[in-house]
Structure formats: C-alpha cells, structure tokens
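Next come two complexes built around chain A: one with chain B, the other with chain C.
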Partner chain A sequence: MDATVNPAVRQGQGIFSRYRRVDTITKLTVIAATVIALIYILLPIFWMLKSSFQTAAEIKQLPPKWIPDQIRLDSYQDINLLIPIWRYIFNSIYVSAAAALLATLIGTSAAYVLSRFRFPGMTLILVTILVTQLIPPITRVFPLYALIQDAGLLNTYTGLILSYAGFSLPFSILLLKGYFESSCPPEIEEAALVDGCSYISTFLRIILPISLPGLAAVTIFTFLNAWNDFLWASLLLNSSEMKTIQVGIGDLTAEGGGTRYVSMFMAACVLATVPALIMFIFVQRWLVSGLTSGSVK
Partner chain B sequence: MSTISVRNVTKKYGAVTAIPDLSLEVTKGEFIVLVGPSGCGKSTLLRMLAGLESITEGEVAIDGEVVNNMMPRQRNIAMVFQSYALYPHMTVAGNMGFSLKLDGADKAEVAERVNEVAKILALDSLLDRKPAQLSGGQRQRVAMGRSIVRDPSVFLFDEPLSNLDAKLRVQMRAEIKSLHNRLGTTIVYVTHDQIEAMTMADRIVVMNAGTIEQVGAPLDLYDQPANRFVAEFLGSPSMNLIDGTISDSGTVVLGSGLELPLGASLRAGAEVTLGIRPEYISLSDTGGMKVRCMVSVIEPTGPATILVVEMGDEKVTIEVTGRVAHRVGDFIDIWMAKEHCHLFDTSSGIRLDQ
Partner chain C sequence: MELRKNLFCYLMVAPALLITLALGIVPMVTSLWWSFLDYDLIQAETAGETFVGWRNYQVVLSDQRFVTSLVNTVVMTVMVMALVVALGLLLAHVMNAKYRGRAIVRTLICAPWFVPPVVAAAIWVWMLDTDRSPINALLMDWGLIDGNLRFLTDTTDAGPLSLPLASVVAVRVWNGLPFVVIFLLAGMQSISRSLYEAASIDGASLIGRFRYITLPLLKPVLGVIVMLLLITGFGHFEINFIMTGGGPQDMTNVAAVYAYQQAFNFFRFDYASAASGVVFLMTSVICIFYIRAQIRKDK
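After this line comes the complex of A and B, so read on.
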C-alpha cells in the first residue's frame, strides 16, 4: 500500500503550521515582556553602579550620561571619611547572620516536631503561627519596642537579633514543616532506625543532609530580611558605632548623600548590596530547590 | 534464620484497639505472608516486629529473646518499605552499605559486601547512581539490597511491590522468592494482594480487623477456607457466595427458590451461604448439579473466559478455560461440582462442611 501525504501538511500550510505561528508570536510576546520587566528592575541598579564611578557633576548632567567616561574609584575610597562603612557592614553581617542562625535552629526544631508528631493543641499552634503573618508589621512597633525596653535589650545586638529571628520564624516554620513532610517522609527515618541509627544519628546523618535546601531557604530568607531592614535597626539601636549599613546609609542621606556626596552615597549603596548578593549567588541553587520542594511530590 | 513468637499481642491507639490479643509462631526460614484488606492491622503487626511501633500488651520474641523494649537496630532485622525509603542524598552503594558502615565495618569490607549483593540483584552497574536516577524496579532492588547486605536474621517486607507496574511486580515476586530460596532467611511479608500471598508464601496469615482469620499453606486456605471471609478474600475472581436455607429434605434452597441437593446433615431451617469457586462451575456436563441460567457478562482474558450468569436473582461468576461461543442474553446450562461446594453459617460465617 502506498503512503500518501496531505499536500497542505507537506507544504506546511496545515492546521499545525497555524499553531506553530501562534506559538512563535506567544514566545516573542513573552520574551518582550521579560526584557521590559528586566529593564524596569535592573535600571535603578545600573544607575546606582554607574553613578558610583562618576563625579557628582557627571551624575547630574543632562541628558544623563549612561556610560562613565572614566571608571573612578574615589567614591569607594572617600566614603569611609563620611561614615564608618566597614564597621556598619560588619555590624549588619553580624546581626543578619546571627538572626539567620537562630531562626533556622528554632524553626527547624519547631517544624520538625509539627511535621512528625500529633499532640493536643497542635492545630491551635499552627493557626496562631499563620495568624501572626496576617497582622500588619507596623502594628508591632509599640508592643515590641516596649518589650525590648522592659527586657533591658534596647541598644543591644541581642534585642535586634531576637526581633529579626522572631519576624522570620512563622514563615520559616511553615516552609520547613512543608519541606519535612514532602521531602523527608517518616519511612526514611524508620529505615535509618532499622539500619542501625539512633534518633540523634538519624537526624544528623539522614534528616539534616536531606533538608539542606529547606534550611538554606530559611537561612537566606532571614538573612536578607535582617540585612535589608531599616525600621527596627533605627528604632532599637541608637549608639553610632552599633548602626547597621542600612541605617548608616540613611544617615548619609541626611548629610548631603543626595546632593553633594551623591557619588559616595551610590558607592555606599553598592557596597551594601554586595554581601547580600554574594550570599544569594552562593546559595541560590539551594534556595530555589528549597522553595519549590514542597509544591510537587 | 530465626524464629518469631508473637504472644497475646495487643495494640491500642488511645481508645481504639487496632490488634486485640494476637498470637502467631513463625518457624526458622519460613516465608510467611500477612494478608488482609487495608486497615486490618497487618502493617501494624509488622511494625511491632520491627520495633517501629510500641506493643501495648503481650510479647514479641525473636529466637526466644523478648524484644519488646529493644530498638529496631538491636533486633537484627531488616525491613523493605512500600515507598522504598532510600536515602536520596546517598548513591546506591551508599544506601546499601550504610548499615555496615554504622556497624563499624571497614571500607574494603563494606565495598566487598555491597558488590557481592549488587551482583545478585543486577545492580552492579548502578552503584554510583542516586535513587532519583533509578526506575521503580531498580529502586525496589536497592531497597532489597540494603536489607540483604546486613545478613539479618529476619526480613520484613511491607507491601514492597505495590508501587510497581503489573509486569514488574510479577518479575520482582519471582526474584524475592528465589532470594528466599537462596538465603533461607525467615521472611515476614505484608501484602493486600492475595495473588502475591498465594504465589510466595510457605504459610499465609489471613487477617481481618486486627485478628487472624486463618493460618495455613496457600492451597489449604484456598481449598478449605475456615470461614466466609477467607473464602471471599483468597482467589480471583473470588468465590461465589449465595445465601440460602436448609430444607426439611436436607437440600439447600437458595433465595430464588432454586433447590440444590447439599447440606443433608444440617438442621432444617438453618440459614446457610453456599460457596463455590468460579473454576468449579462447568459449561459442560461434568456430573455436578445442573442449573439453568442466563449469561449477563462475558470477559475473555485470553487463556480463560470469565462469565457472569444470572441464576434467579443471584449473579454467579464462572471461569472456563479457553473461549466460549455464547453471547450475552443466552440461556445456558451450568454444572456445579458438588465436591467443591462449601456451606457457611450465614450469621457467623464459619464453614459448616469441615
């Protein structure tokens, strides 16, 4: 029997070719939308970066000069004369890392218990955790300030670290609970127990390595939240050498950062971005995996 | 090889009793299958043997030693889980050698033993892969390999084949059976698939609602079920069960008024259930009880044909070898082999013709 081909299909004019054309238009639209979104997001960052290499006069020039004539590093050298930027960056790293560590430790323990055991009051605990997410953050200012003051933790890193860890805990617990339930089924622990592990070695040798993406997601989430915070750091710390980088940059604005020292201001902003960016690049593979792991089994 | 004794074991979850007073003896090297519908307590019993579930009352002994308060690792047992439960961050070799590593075996010893078992299970080319890179059948073999490597005294299998497709299940069934023949280790195997139970077990334990309905060799249970539950549970298609009453003349009168010459020794008026397996009903005169009925369903399976016929108000399943020429709606005569008919007490379900 001879095989025949529909001439319309052979010439690429059949129903499939129409779909292919529609598909190409869809692809181009998506690409165009993505490029516009990227420009929208990246333009301020590019502006910050190029301005940090320009003089104040060049920055204010109209029409704007998008590419600097010369890469000047003066702003990066001089910024330390205006504010103790390295001290502020170190302070930020310290409080952010400590808060991330604390939130991960507490969040892991709480999420593990909530995902593995059934006990009276468990639903209430979960609902309470969820409800805390629904309260507008600004409403916490007075009660939390009073609490930190009463505990004698005003103007201490401990007070700030406890606050940051507390803010991140509800999200961390919910994320890790879902992670433990989807990625670490109880059978894996049981298999480890049968294989010869104790409860502690099961946690250390099996649960912890499997949960690394989830832990990384929680760690970076807390770290970035703490790193980017301005409100609490300016409320709870008042000693100048204890300030975090965000508060430091805020002070710089008041001292001519937006006018005379605009190039130094931009340099400070670039420096404030770099540690968070390095951390994000370092753990982004785990972060993406950790955030999506609970969605599909 | 070990013996297992389960003595008057009870398992309660709060006010709910999952297993009330169960006793069972497993002999050395035996392949015993716990079978029953979902929720009958078979997996709970297996987990109590493994030490993954506490025992409310009673004792479990392995080789005469009571293990109630021992951790799983102290019991020298290995378990294969339904979901494989492989460690996703370890390679196949890592998974298989994990227990030996925990026991403090040196690297060379672990590698040697892992390679040895990998060869048996045809996993030697996959040792460097992670579980995510394996097919379902390969994962199942790794789970088995992980258990074999330890050379345990008892293997516990918790529905290990239920995640596999039909073809692979048949293949793995044969592999597990040949593995048992080779190693001779005592195996306790949980399944809800009665075909698995029939084909693999030395003895089957049929469980229902936390209790043992019957224990015995597969064909003994098939031919001589202790009660209606066992009769119905074992066999596919399952046994035909038709309610009736014993007449004054000792015959069984079915609901539709049909009278069958059975049950002569039983009290007149007793309510009974007639049971006969589909393969013991014939479409040709084999000397059994002849009944006229109408064909309502025909299911050709290739080597056999399954017919559902209407016998009065009752539907009866028949399994005949080969193909049939009948069509739906045809009236046909069937012959029921009298010697293969069972009578069960309708209220208690106990078999009366023992």
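After this line comes the complex of A and C, so read on.
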C-alpha cells in the first residue's frame, strides 16, 4: 500500500499537519486576545449598569464591590432631584428626530438626482458636499455660533435642528447615493418615465417606496449623530430646561456631581444610552450592507 | 425636455446645497478669514475688526500651550489610529469567522457603539478614579502594582507621553472601535470564500491566509479608514474635553480643546480661528495625500 502513495502527497500532508499545529497556536492566541478585548469593551458598560443599581455608599465602598447586594431602583426614582432627566431626554428625542427627518428628506432628493441624472455643475456640487464632510467640526464652530446668534436662533430648537441636519447631510447624501446606485434598478423608473410619469411623481411614487430600507438607515444614522452631540448643544442652548441629555450629563461630570451622587449619575448615564440602544438593535441588521454599498466603494 | 430635466435636478439639489453652503462652506471660509483679523470679543465694540495678517498665527504658534496641544493632537491621533486598526482587524476577523454563538459575540463587540461619547467619557472618568478604580483594585489583587495608579492626575511624563494621555487614548479607542470593526467586517465579507478555500488546500496557514489574502484585499478599505481616523482625530474634541478638560498641566490638551478655551474662556475668536486654521491645514494635507493616492491608483 505504502508504495502506491505519491511521495509528494505524503510530504504535503507533513506540511499540512505542521501548519495545523501552528494554526492551533494562532487560534488560541486570537481567542485569548479576543477575550481580553471583550473585557476591555464590556467592563465599563457592566460597571455603569451595576453602579446604577447600588446606593452611593455601596459604590464608594473600598475595595470596590463587583456585584450589588440587591438590585435597587432607588437611583432611577431619585434622579429627578439631580436633573430634570425626563425633560432632557424628551428634548433630545425631539431635536434628534426633527433633524433626522429633515436631513433624510433633503438628502434623499439630492442623492437621487446626483445618482441618476447628468446636469451642468453636478461635479462641482458633489465636490462641495464631499469637502464639507472632510472639514473638522472645530474649524466651523466659531463663525457658525456667530451666524446662529445673528439669525436670532441662539437658545432655540430651530437653530439646533437646522445645524444637526446640516452636519449630517454630506454623509447622508453619500450613503444614499451609493444606495440608489447599487440597490435600486434604474429600469423601473425608466419604464415609468416612458409611460408618461413626470420626474417628480416617478420619484415620489416609485423610488421612495422601494428605497425605504436605505432611507431608514440614514434617518437612524442622523438621529444617533444628533443624539450623541455634546459640543454644539452645549454652546447653543443655555436655558436649563431646554438642555439635551448629553449636555445635562456633561455638565454633571464637569461639576463633579458625578462623585457625590454617583448612583443617580450612573442611572442617568444608563437612561441616556437606552434610546440609542433601541435604535441600534433596530438598525443593526442592515447596517453592514448599508455601509458596504454606500461608502466603501 | 432637457430643460425640464435640468430644472428638476436643480430644484431637488437646491435645499441640500444651500444648507451645505450655509452650515459648512461659509463658516469654514469665515473662520479662515477671522484668523487674519483682530477679533477680541470683549473689545469688539471699540477696537473693531482690523486685518492683522499672520499675527494670530504667530501669537498662537509661539504659545507653549498650543505647541504642547499640537504635539498631543498628533501623538494621540496616531496612537488611537494604530490601536483602533490593529484591534479592529482582530475583532472583525473574529466576527467574520464561523462558529457557534457568533451573533452574541458580534453584539458584544459592537456594544460601545450605542454609548454616547459623553456617557463613555463620564463612565470612564469614574472607572479611572484613583481611589475607587476597579482596575486599580484588580491590579493590586494580582500584585502588579504597589500603590494606586493615578490614571487621570499623574503628572510624571516621558516626552509627550504620560499616564493621563494613555488613559484618554484608551477611552477614545474604546469609543471609536465599533465603527471601524463594522467597516472592516463589511470589507472582509466582500472577499470571496473560495480564495481562502484554495489557499488552505494549498496548505497556507491561518497567518499566511491573513497576510496574503485578507490584508492586500482590504487595502482600499484600510486606506479610507486610516484617512477618516486621521481627519476626525486631528479635530477631536469631546472625550478630551469631558474627561480632563486638557489637564493635568495640559498633558491631554489637544488643538480643538485649546481653540475652544481661547474662544469661550478668553473670548479671543481670532486666536481660536488661527488654532483651528492649523487643524484645518493638517487635515487638508491628509486629504491631498489621499486624493493623490487615489488618482495614482486609477491611472
């Protein structure tokens, strides 16, 4: 039997098994590194959650207590004494949702014509939008602040909503443009146009309905962008009841309120995270495909 | 027909273009213009806004605090980028492999994504509190350290490197990781499985497959990610501002925080604009490099 086996194959098997052993070591290293990375990723989230269920005294105990004695929800009830949290969360939801809808509405119509038609000045418009995407936010904050002030929009939600929509527009347009180019077959609308549909009704009746997944992704993306913002909201709003949740938490951190009322503070952090979490679960499924078709190209 | 089509196009693009111009281009140009003016907000009524040439840049660049913050900006950006890309490659690989329980691992890896930066900074400030840090407690238990590490207040330094700087970098990596992982995962998923199968039949090791298939095919995606990380890194503000406000002794101060302090603590919009003008120049250089590389590739 031995004589019939090609020596080259036997040699190949040898190499194969040697690599197998190396591969096992590689795999174990990767697993170990992943476990360490996961601890790094999850520890703060665990710490926030468990602290929100403890009393302030228990959190400050030394050495630190990893598991709460009992799950207490007191801090979630008392948090209103610290900051008007529900009001802040409502403010954030209102501003973020309005900005998201506005940006999606404006972004979709622009992305549609930029992906389907050729018209004079089109390249220039695309470049303008791209450049805006690349400007670091800090380089436009100061004049924009003055501009908003001159327009009388300081301390109004309108100013905040308009800015958030504007900040997210470039990325939304690029993402949607990619989406229209890769996921919406042009044949459908060509047929509609031949049948005598006007441009606008083709867009409203045919394109919008079939691109709902892409629109939803962009809406949620803009929502999260606005929800997460701190710098701009802290500059534009100074009346205390208009603050967004991020500004509320940022101010508490700066004032050291985080140390004195730490359990309530952690509860506030949890509450500031939950709406984003819900959005995230909702969007997770087609986020990868959205990114692939949109911006990696 | 042609006219109708063009009219339709312009109408559809107009709102987006107007908003982009008003909130992006115009403020950017104004900011550059201001960096050449004398613009002291406290005296603006009387002193007016006179053209002063490069004076603001001279003032800012000879300010030791700004030079420190510029060095920190570059050091932190490069550290964050290197760590995020290395960890991102590892985790994207883990998310792309096939095994039981992958869905859970995927969700866990993405977890920091839905934590807002302000909240992330706030939790980490508490986690890195000298006396009550669970990390200190663990390191003590394992006998790795004698006294508590002062993560955010230790002022011993080695050049631009210090413990507070490393701590802030760790938090920025934590916050920025999920986006990069998803981006890389999307890139990895577009690589055909048959390539890996062919390679493993030929006896290539795991490392070999990663080195000679994954990495070369991911190069375009990696290019985009590195560019994005450099651009957002140079202008980064939030986490530095919330965690340390630039301290201790400006060890974690970055250009964006410096500009913010000039504008809203000292009311010098001219110095602030000059500082952000320097940031703008740095990001422009990156953009030019990137665009040139793209053009060379297309040829």
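Descriptive notes on the structure:
By our rule, the second predicted complex is superposed on the first by the 234 of 297 C-alpha atoms of A that agree within 3 Å, B and C clash if a C-alpha of one lies under 4 Å from a C-alpha of the other, contacts with A are read in each partner's own complex, and residues count from 1 in each chain.
Quick note on the criterion: contacts are C-beta pairs under 8 Å (C-beta built on N, C-alpha and C of every residue); 3 or more make two chains touch, one makes a residue touch a chain.
A quick note: this is a predicted structure, and the numbers were derived from the prediction, not measured.
Within the superposed three-chain model, A:N228 lies in touch with chain C and out of touch with chain B [touch as defined at top].
When the two structures are aligned on the shared chain, A:V35 is found in touch with neither chain B nor chain C.
Look at A:I206: by the touch rule set out above, it reaches chain B but stays clear of chain C.
Counting the residues of chain A touched by each of chain B and chain C gives the higher count for C.
Judged by the touch definition given at the top, the superposed model places A:T253 against chain C, while chain B stays out of reach. Within the superposed three-chain model, A:C197 lies in touch with chain B and out of touch with chain C [touch as defined at top].
In the superposed model, A:P185 makes contact with chain B only, not with chain C.
Chain A contributes residues 12, 15-16, 19, 22-23, 26-27, 30, 33-34, 37-38, 40-45, 47-48, 51, 59-60, 62-64, 66, 106-107, 109-110, 112-114, 117, 119-120, 122, 125, 128-129, 131-132, 134-144, 146-147, 162-163, 165-167, 169-170, 173, 199-200, 203, 224, 227-228, 230-231, 235, 246, 249-250, 252-254, 258-259, 262, 265-266, 269, 272-273, 276-277, 279-280, 284, 287-289, 291-292, 295-296 to its touches with chain C in the complex.
Every residue of chain C that touches chain A in the complex is listed here, in rising order: 4-6, 8-10, 12-13, 15-17, 19-28, 30-31, 34, 87, 90-91, 93-94, 105, 107-127, 129, 131-134, 137, 140, 174, 177, 182-183, 185-187, 189-190, 203-207, 220-221, 224, 231-232, 234-235, 237-238, 241-242, 245, 255-256, 259-260, 263-264, 269, 272-273, 276-277, 279-280, 283, 287.
On the chain B side of its complex with chain A, the touching residues are 50-52, 71-73, 77-79, 81-83, 85-89, 98-99, 102-103, 146, 150.
Every residue of chain A that touches chain B in the complex is listed here, in rising order: 183, 185, 187-188, 190-198, 201, 206, 209-210.
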